[in-house]
Amino acid sequence: VAAPAPDPARFGTLAAFEAAAREFMAPAVLDYVAGGSWDEVTLAENSAAFRRYRFRPAVLSGVTTADLSTTILGRDAAVPLAVAPMAQQGWCHPDAELPAARAAAAAGWTFALSTLSTCSMEAVAAETALAGPGARWFQLYIQRDLALTRSLVERAAAAGYEAVVVTVDVPVLGYRGTDLRGVGLGERRGNFPPQGHDRTPPARGRTPLTWELIDEVRTWSGLPLVIKGLLTGEDAGRAVDHGAAGILVSNHGGRQLDRTPAAIDALGEVVGAVDGHAEVYLDGGVRRGLDVVLALALGARAVFVGRPILYALSVAGEAGVARALEIVRVETERAMVLLGAGSVRDLTPDRVQPSRG
Amino acid sequence: VAAPAPDPARFGTLAAFEAAAREFMAPAVLDYVAGGSWDEVTLAENSAAFRRYRFRPAVLSGVTTADLSTTILGRDAAVPLAVAPMAQQGWCHPDAELPAARAAAAAGWTFALSTLSTCSMEAVAAETALAGPGARWFQLYIQRDLALTRSLVERAAAAGYEAVVVTVDVPVLGYRGTDLRGVGLGERRGNFPPQGHDRTPPARGRTPLTWELIDEVRTWSGLPLVIKGLLTGEDAGRAVDHGAAGILVSNHGGRQLDRTPAAIDALGEVVGAVDGHAEVYLDGGVRRGLDVVLALALGARAVFVGRPILYALSVAGEAGVARALEIVRVETERAMVLLGAGSVRDLTPDRVQPSRG
Amino acid sequence: VAAPAPDPARFGTLAAFEAAAREFMAPAVLDYVAGGSWDEVTLAENSAAFRRYRFRPAVLSGVTTADLSTTILGRDAAVPLAVAPMAQQGWCHPDAELPAARAAAAAGWTFALSTLSTCSMEAVAAETALAGPGARWFQLYIQRDLALTRSLVERAAAAGYEAVVVTVDVPVLGYRGTDLRGVGLGERRGNFPPQGHDRTPPARGRTPLTWELIDEVRTWSGLPLVIKGLLTGEDAGRAVDHGAAGILVSNHGGRQLDRTPAAIDALGEVVGAVDGHAEVYLDGGVRRGLDVVLALALGARAVFVGRPILYALSVAGEAGVARALEIVRVETERAMVLLGAGSVRDLTPDRVQPSRG
Amino acid sequence: VAAPAPDPARFGTLAAFEAAAREFMAPAVLDYVAGGSWDEVTLAENSAAFRRYRFRPAVLSGVTTADLSTTILGRDAAVPLAVAPMAQQGWCHPDAELPAARAAAAAGWTFALSTLSTCSMEAVAAETALAGPGARWFQLYIQRDLALTRSLVERAAAAGYEAVVVTVDVPVLGYRGTDLRGVGLGERRGNFPPQGHDRTPPARGRTPLTWELIDEVRTWSGLPLVIKGLLTGEDAGRAVDHGAAGILVSNHGGRQLDRTPAAIDALGEVVGAVDGHAEVYLDGGVRRGLDVVLALALGARAVFVGRPILYALSVAGEAGVARALEIVRVETERAMVLLGAGSVRDLTPDRVQPSRG
């Protein structure tokens, strides 16, 4: 942990940050961040599944640069990219969520702050408001205390967060055999009053999660709701029926129910069921601009990157995250030009086919 | 073998018991227990096949806990789980079948006692009657001497066993190249008179196994018959025609004919052929609550666990087995809640799809 | 090579002989025997393909023993098994073809003698005539000199060989990068006059192989012709049209054209095309009685075993071969009983399905 | 790099040259030559995909030799084989492109010279004109300066190059994480004036590549155009519409967009779309005569070999390349005879089926 921070410019891939993170993260943190539930089948599949698709490039299209700009939830966005909500970034860096939030804002990425962040949502908002154009979203774990939950949403709206991402795949925690969560690591929950600090973790023993509860959450603010953590067309249809503005296809990075489909394999079914009535996003296993291009071509409006951000944060702080974000952007642009796609609108499903291998 | 028994609470997976068992089991016993026939293709497939299915979770279902209770052969059961019949548990523990039988009874699991048990069926019944609500079933190997066979069934009925599980996939033993069975290990057969001890093993040279013989066995007691060891729809239909109350889909843990389908791959065909006219169970390769949930979703009424029980028994006796049973139950409940299934009735085939990998 | 011959009874699998052969065969011989052409894709596939089929056992069929007897080319045969023709067995044993020929005869296997044998066909016939009931077939490589070729067939008929197996897949040798054939190993060709010994190898530069030539070969003796080395339905139909009594589906053990289908994968197409108008046999990758049962179920009349015979011969001479043949027979019988098949007639295609893995 | 050149006759496979090249190539050159873009999925697939096809040989066809002669773009060619264009062969040998060009000419292979060659196209033409019958083609990277580009084409025509191969899959370079291109290696660009030497590499910042530009290039000389680097039927149809005489199916050896299909997997779609209106060639992963035969059977008119030529060049100069070319030819002939194909016209799609593995 005492190794000097390396020059971020030396990193050319997210995998290089991941490899370097072994030297910069405490073992318990690395285990917590890198691991998944049960046999980690879904964890491994999330990344492997991307490599089972093949691109169909169009040559001589005249494309020499790629324009990544888009809109997300009706707002202009420089890139169709977001930092996934991840708890307790204080385990990875003394400034916790601030470095990644600032880097994301500067790069025009959407930054999703976890309910279980180390810093308070107000601190993150204040420290990043001037960092750049990227939007901030607030990820919501519904708490046992609904009034407390409502206050979180109200505070998020007040602090300028632009959407509420309700995580729906944690009615209980995924099974890890030995639950390493928090082993030797104190938690600091910036969004909760001090007396909340040592309570039964809000993530457990929670209020039953129902679609009706979603309806209620929707009334707590004017913010659009994004449902995070569904994987089927049936659930996607229900999300639309219950007023979701966005759906984040996710298996929680392979940390909840194992042996669920890889996120990229579930995307098409969700996009088909939603049929344009909400935006669809994806997280899970994104490590390459190629993954981003694939998800966009299969119908994602934006793509979330999770663990690699923590690796870059651990290795080189804000500059590390900034470099990681740049790598993803550059790879995505490069792949789009090679595919003959000058803008994200050109990324259509006919650019993709299954591999034969 | 002289290592002190570790604290069972330290074990979080069945695999951890299996790994630890290497230190607690005599090598010849480990070889015998862990091995399969021929090239062990089916042995490996039994477990691997489970990981080729994917779950389709339903989110926001309001499910916060899972009710595992069910009925098995018309009797209330706390869990849809059973300990598979396994011979000579005296090789794994000085008290032989008693620790696992007591732990199963206490946890509400059905316990199936092997014909080739170390303890007599009467001793097991007497020692476990007060241990808890779990049922006891008697597994029958049909002997060369039909009168002796009949007496086994009659004794089982008298001792309170609630079903007779007739194993039908051992007309001869599976081929192991070197037959390690009993190498350096004396057998003690508690269900047989002493003069039977050194005879030609009853498992071999047996009476021809026929469906007509099943009809006859059925008349020997009022106990329901479970046919153990079939893998096809054709045989399942015959089992129903011959009055089976239950069918245990099994390839004998990969110990008999190799290159038979994994049990979970054969389950659907059997369930379809039986069409509700008998209960269907499964054994073979179950190592995770995820496996249990999958088998229930594909139509199994109960799921049997085999080798892992012997590993836990070897490592930590009754407390080890109790912990192993608890792990399976907890994993199963956790997976069900994450799947959005509050009861075993909610586990339906539409919760499952093949993997794409 | 000087290691003392081990007790054959200690060997329980053909793989055990193969492993032991490393100590008993000269490296150049082992390379020659074990290797295949090009990248050895077909060599590896021959064995692997067998393990991609699954058996569908029938339980409670009343079968306790398996009767392997059959007829091959109209003659009673104790087993549906044969030793494949293999050249220069003198490289593996001082008595060359005699030990394997005697062991085969004694065990009721058909023994196919190579044109390129170390011993003369007359010597093999004389030395094995009294060894047992197994038939002897003569494998024919058509020579540049047709008169010489005809004399080989006439001598085979005179010496009591019961069929001529014409190898048709060696118009040239398969490519091995470095052709190890004969490296440091003198050849002795017992079927050729001494002046033939150092000539251009008859296996090369051969007469063009045509179907018309097959018609001619057929007139040279009254012996039935078996065409060895075809893999497609089209060629199988031609073989029937040209009077073949038998067809040996083979890719020459992966030694000729690489990336041809595994023999077992080609079998069904050939059996379908032949439609009962000739017998169909198989060689390539048979290492287990399970392989034999599978090939018989898919329509083979007999199954040939090749390399494992040379391994057993190298390790323990005639006793080794006898043990190898016994292993195959015992495994085959065991598998048949477990499958519920009391005779080879019971081995039908419905006993088999593709694996899902 | 100072190791003495080995005897080329000792090499029996292209893989042997590749293995030996590790001792003869500078590490940075080896990295540059051997590597691909991103995760090298396509790089690995290019070769692996060939091994997923199976041959259907025809026996007794009377074929004893294979005639490889054909026509390419209307000109007689001794073999349906070509050396792929590869930049900066001066990194592999002091005489740069001359040894491979001479060896190709002598062996009747077509030699494609890269725009980015070390030697000038005129020097290569002059030094190889008398070496043999093989044709020379000029590979064109369209430069930012169209007048300069046109002059390249005009010079190629004047120097006797017989076709212009326009590479269309490099609108930007593929992503390599760390771009190793030229690391520690000076470039010398023989086709450009000296003042061009240190400019922004012509391969980048290039004129937008469009189909209309292809129309223009076609007017610059009377040479037939070959479009190199497309992978889909749609693009192939456009190439025909824009007057391409040939199409070289290629993913740039896995160096441009990763996760594109293996060249051999894309071939059939292109051949179908072209429907005889242009010749179709293939490069990517060819390492065996078996690969050549497969590509020809699936409709390729000629097959290009790339990296192995550089390995042979590095190891043993012109004699090494000559040996590599001979290996490919001999393997191809051998495979054709074994397949029962006496000429390239006999290589039809019915000789091929997918593997089952």
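All chains are identified by letter, namely A, B, C and D, in their written order; residue positions are counted from 1 within each chain.
By our rule, a contact is a pair of C-beta atoms (placed from the backbone, for glycine too) under 8 Å apart; a residue touches a chain by one contact, two chains touch by 3 or more.
What you are looking at is a predicted structure, and each value in this text was computed from that prediction instead of being measured.
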Neighbour overlap between chain C and chain D returns none
Could you work out the angle of the rotation that brings the CA atoms of chain A onto the matching CA atoms of chain D, rounded to the nearest 5 degrees? 90
Self-contact between copies chain A and chain B, residue sets same or different by half: different
Please tell me the distance, in whole Å, between the geometric centres of chain A and chain B computed from their C-alpha atoms. 43
Distance in whole angstrom between the CA centres of chain B and chain D is 60
Chain contact topology under the given definition, line, ring, star, complete or other? ring
How about chain D: which of its residues touch chain A in the complex? 38-39, 41, 45, 48-49, 52, 168-169, 171-179, 206, 208-211, 213-214, 227, 229-232, 234-235, 238, 256-262, 265
Considering the complex alone, what residue numbers of chain D touch chain C? 12-13, 16, 51, 53-64, 288-290, 294, 330-331, 334-335, 337-340, 353, 355-357
